[in-house]
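Structures are listed in the sections that come next.
In the two assemblies presented below, subunit A is common to both, partnered first by subunit B and then by subunit C.
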Partner chain A sequence: MRLKSLCNNFMSSSRTFALVGNPNTGKTTLFNALTGLRQKVANYPGVTVEKKTGTGHNRHGEEFTVIDLPGAYSLEAKSPDEEVTRAVLHGERADTPKPDAVLCLVDASNLERHLYLATQVMELDLPVIVVVNKTDTAEERGITVATKKLEERLGVPVVPMQANERVGMEALQVALSAEPAKADWKPVEGDTAARYKAIGKLLEGAVARSDEERLTPSDKWDRVLVHPVFGWLILLGILGGLFFTLFSLAGYPMDLIDGAFGWLGEQVETRMADGDLRALITEGIIGGVGGVVIFLPQILILFFFIGLMENTGYLARVSFMMDRLMAGVGLNGKAFVPLLSSYACAIPGIMATRTMESARDRLITTLIAPITSCSARLPVYVMLIALMLPVGTAGQKALVMLGLYVLSILGVYAFAYVFNRTLKQTDKTLLVLELPSYQRPSWREVAMQMFDRGKIFLRRAGTVILGLSIVLWALTTYPKSDSEDGIAQLEHSAAGQIGKTIEPIIEPLGYDWKMGIGLVASFAAREVFVSTMSIIYLGEEAEEDSIRDRMAAETRDDGKPAYDLRTCLSLLVFYVFAMQCLSTVAVTRRETNSWRWAILQVVYLTGFAYLAALATYQVSGFFV
Partner chain B sequence: MNLPEAAAGRLEEMGLLPGATVRMIRRAPLGCPIEFEVAGARLALRQADAAQIFVQ
Partner chain C sequence: MNDWQTWAAPAVVIVTLAILLWRNLRPAKEGACGEDCDCDKSD
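Right after this comes the complex of A and B.
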């Protein structure tokens, strides 16, 4: 580690380029093209803005560093992202050295607006290289840019490119290998209009536009994709495909992972002598980590869909179509995808809030994301519904399941409304949604994003879950009793004592101390409820069907079944709302950069879950 | 433009200057927001916000 940082210091003589441009200009594409897989994603300390750096080599084989700065429309920052861009370019961030030169990425179809930022950068006294991207879509719209003319006027390289097709990389490499120069640009005095006027002068005779009204391919796509009828059908089709893949196709790789961890556990069991250490490794570590890694296929599928929609420009249209439905509770269209993702898993959902500019919207979406019915709830729901309706038909069971999903949607809307009313409106921002031209997806880029997100998921969630699994295992194992009987040991363990302690609190909800252990244990992850129940009722070796039989036969002191209709309903309602996922707590902490919101999330959700379950149990008492 | 300063400033930076040409492209399927063409780019604004921008 130390050696590496020493090396980095030696290498610091290499040039650092900052990559600057408006959102949707293809910055990420260019960044990937320049750096390949040699990139690092981190957060700027103190803000939830992603910091991406990477390295590449110029034509002389010298290494250079690229910092991909957040997309910005102007250096007069209006969002945390833009503030980071401004500060880095001014050399004001202690964590990021001032770049040696700037790559200004501009869109050929829309040069005036993109040069607004680029000319501001030129005035910073930093050498620049201008990259005119998406020359192909510009040509489709009848716009041609004479980059040579601009090069003469500015005195710096102006490179035409199609970054997604890697057209123009050669010329850019030439520019990157030369000594960078400052642009021949006189600082603009005055307001926005003055700058636009100066840009107009710069572009005079350098941009040719054909006057004929032509329908671009993008317009043709839009006619179908945001059509009042077909648009919705297509969106529904895509969402249907997404959910089908998430809940059925993902099952195959998930089974494989499950099997692999099971096999690993067996190997340890046959090779190690029985004892606490073996139990820690098999139950605590392998079981716990396996329980998280199993969600990896779903996370990858989700980011495949999101990446593809984002990459092609369709995502902006989804926000465009959904905005009206979200506006009622104070959210905007950009919250739709993060919330949708959360139906698979709140972790990628919360990570996807990064596509939203407004910090307040991001926070509200993050806070309500765990109410969405994530896939980890499914095993719990399935188990409890089976107990609740022992003789019910499949249709009745499906109806209850549907009811739980509806309840979660209502919860999302209600709490979005509450937070929108209570959280202070820091600044009045209005929705300005840019609808970029459609483009062919870059599979490479989609794959890289999946890889990135998967890595973050495994690293962050994995470390937390690993630690917690060990703690939980220890809680159910220690202190040891002399009894060989599993239940007696459990009752004696710390978890058992916790269950007994909280019994008076959960009794009004219809739960006993054993269910209490399940609740406490599943604070780490919801699906732990199922495995905890198997440990509680059967000892370790348990087939799921037989746990159900055992649980159905469980009785209270008065001889009535423990898992009756009221208790099951109450438990189901509790699981709809309760914040029982430490990985989500960790991600919320990371994305909001404060424990405050993470703790608030746990408190409000679990508090509401308690009240809702209490109401369910007590009110249902009048009917049953 | 009758909008908060930061918001108006942003729209100006995006090319929505006094005297600029704005073309309405389409409404979203639910009627709001509305897609406009401004300085060669496509932007969507909510109806209430767009109503505060005065055109001739």
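Right after this comes the complex of A and C.
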């Protein structure tokens, strides 16, 4: 406690800067450039708004703290995000110190609009440093900003920057090292028009625009990349390339990880006498956790591509294209950010619905978010596709994966349409999406994002998946039978009993009781299906084959392969729609403040998954 | 078969089960959402 209090005292003696700006101004890029890996991410208590703080050093070697505040268009708060920004700047939040100074980030190509927020901040009686970012894009558009002139008029540092290229960092460091000053800016009396008038006066003679309408390289790219036809073809091509890489490149590191876990298991087997604890370690812990960790390369590749698309500005274009479709099913365009986040994980996705103003749209987005193909599905998809196409090329496998993603998008739209027609219409809000200019990716940021996601994946494997693997091993081991036969023991076990009990319900879908164990277990978390299969098939035989080989060799009573094309397709469709994530159920309950919606989500998604998987298995029987 | 392993394995399972239940049933930390989203990590 004393150490913590000493640390707090020390922290409070260093200067705290709040980073403020409109969304898409490059705030996160500047925050990363200033703080590097010295970052801490938490939530503001009471609201699901992310709180990012980090530390850096000025030119004198003195430490400073940066608080990256949520993007806002003004200090007249409309969403929970904007309310946090307003409250922190006013020093109204007990959990966050009032900043000593504010770094106001504005976009050089849209100064007038961005200064709306910046001038409001200047009126708060706080020292300010103005950072004019994206000067390169402004110049491409024929806009030149005389930052020196603005500096003279405002009496505070005005630093031109290209944060993504780290151009201007030196000048910013000089400003951060000096004593911060308050801006020479008179508070604006009156409405929005009066503020824009005052901003216009400030910018008089400080911003020069070329008379000719210039098409920037970004505008030229957009003609193709957001084209109603070519745009979609290019997007499908990019996603196809992503999944192709996923199957063709990830194989080598996956073999290495598989080998490492296999070696670990052998070491335990040679050093420990035969017994329950040894079986728990080799089959439960090493088998269960290893079965999931093996998919780390694919998770990293997925987030490398997502980071690249986000960093270059392409992801904002994808949102723009999707928005056209969203309007078709009556959903607010603001649903995009939450739905896009849900492709990583539905939990932050559902939490991001807080940025939406309409309660009805928030509810619809929350209800459909779990249909997006989150990264936890990836291990299940990869395993089942490999079983389904044992001799398929990487291209064929990528095509199936692409099909699953398309199916999930169709599911999102279909259910958005249904809920839009079912739930009572209240209000309508519009999406204002600012498309950032295309830029060369910052490899450092892409790598940081990959590192973060990889860390979360491994953390989950080392905690939740480890715990569930141990419990699942126990369920497949106890109660013990007198038989030495692995299958007889599994049948006798608690898990076997559960699988046998639900077998009549899942049989029409093409599943046997062992798959039933996997289905039931993965209601806690989807990827547990993979670890369950590892535990079941590792425990069964003592041969040296891989799990995939053993599953491929698994037969039904009639001697036909258990994991044939129809069953794999049916399982894949089930996993596209089924609500198998307890954490998401808990978040839905909290965000909607009702068990009713959480239960509805589980029932409608799992019910639909069952029907869709049933239809897939039965209909495919006519063709296969 | 090792006798000590026969009781050690269920003991590990019981401890794990207790940890899992405690993790899921305890009240959420202040400042965290309490879910498995990595925002409740300590610095």
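The rule we apply is simple: the second predicted complex is superposed on the first by the 356 of 624 C-alpha atoms of A that agree within 3 Å, B and C clash if a C-alpha of one lies under 4 Å from a C-alpha of the other, contacts with A are read in each partner's own complex, and residues count from 1 in each chain.
As a working rule, a residue touches a chain if its C-beta (ideal position, glycine included) is under 8 Å from a C-beta of that chain, and two chains touch if they have at least 3 such contacts.
Fair warning: this is a prediction, and the values are worked out from it, not measured in the lab.
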Exercise. Examine A:474 and indicate which partner it touches, taking first as subunit B and second as subunit C; both and neither are also allowed.
Key: second
Quiz item: Should A:74 be classified as contacting the first partner (subunit B), the second (subunit C), both, or neither?
Solution: first
Quiz item: Which partner does A:351 contact after superposing on A: first (subunit B), second (subunit C), both, neither?
Solution: second
Exercise. Go through the superposed model and pick first if A:116 touches only subunit B, second if only subunit C, both, or neither.
Key: first
Exercise. Would you sort A:457 into first (subunit B), second (subunit C), both or neither based on which partner it touches?
Key: neither
Exercise. Would you check which partner chain A:303 touches, where first means subunit B only, second means subunit C only, and both and neither mean what they say?
Key: neither
Quiz item: Where does A:227 make contact in the superposed view: on subunit B (first), on subunit C (second), on both, or on neither?
Solution: first
Quiz item: Where on subunit A do subunit B and subunit C both make contact?
Solution: none
Quiz item: In the complex formed with subunit A, which residues of subunit C make contact?
Solution: 1-2, 4-6, 8-10, 12-13, 16-17, 19-20, 24, 30-40, 43
Quiz item: So in the complex, which bits of subunit B are touching subunit A?
Solution: 3-4, 6-7, 9-15, 17-18, 26, 28-33, 35, 39-46, 49
Quiz prompt | List of subunit A residues in touch with subunit B within their complex | solution = 73-74, 76, 78, 109-113, 116, 143, 192-193, 196, 222, 226-228, 231-232, 320-321, 323-325, 327, 333, 427-437
Self-check item: In the complex, subunit A residues that touch subunit C
Solution: 40-45, 48, 50-51, 95, 273-280, 345, 347-348, 351, 455-456, 459-460, 464, 467-468, 470-471, 473-474, 477-478, 582-583, 586-587, 590
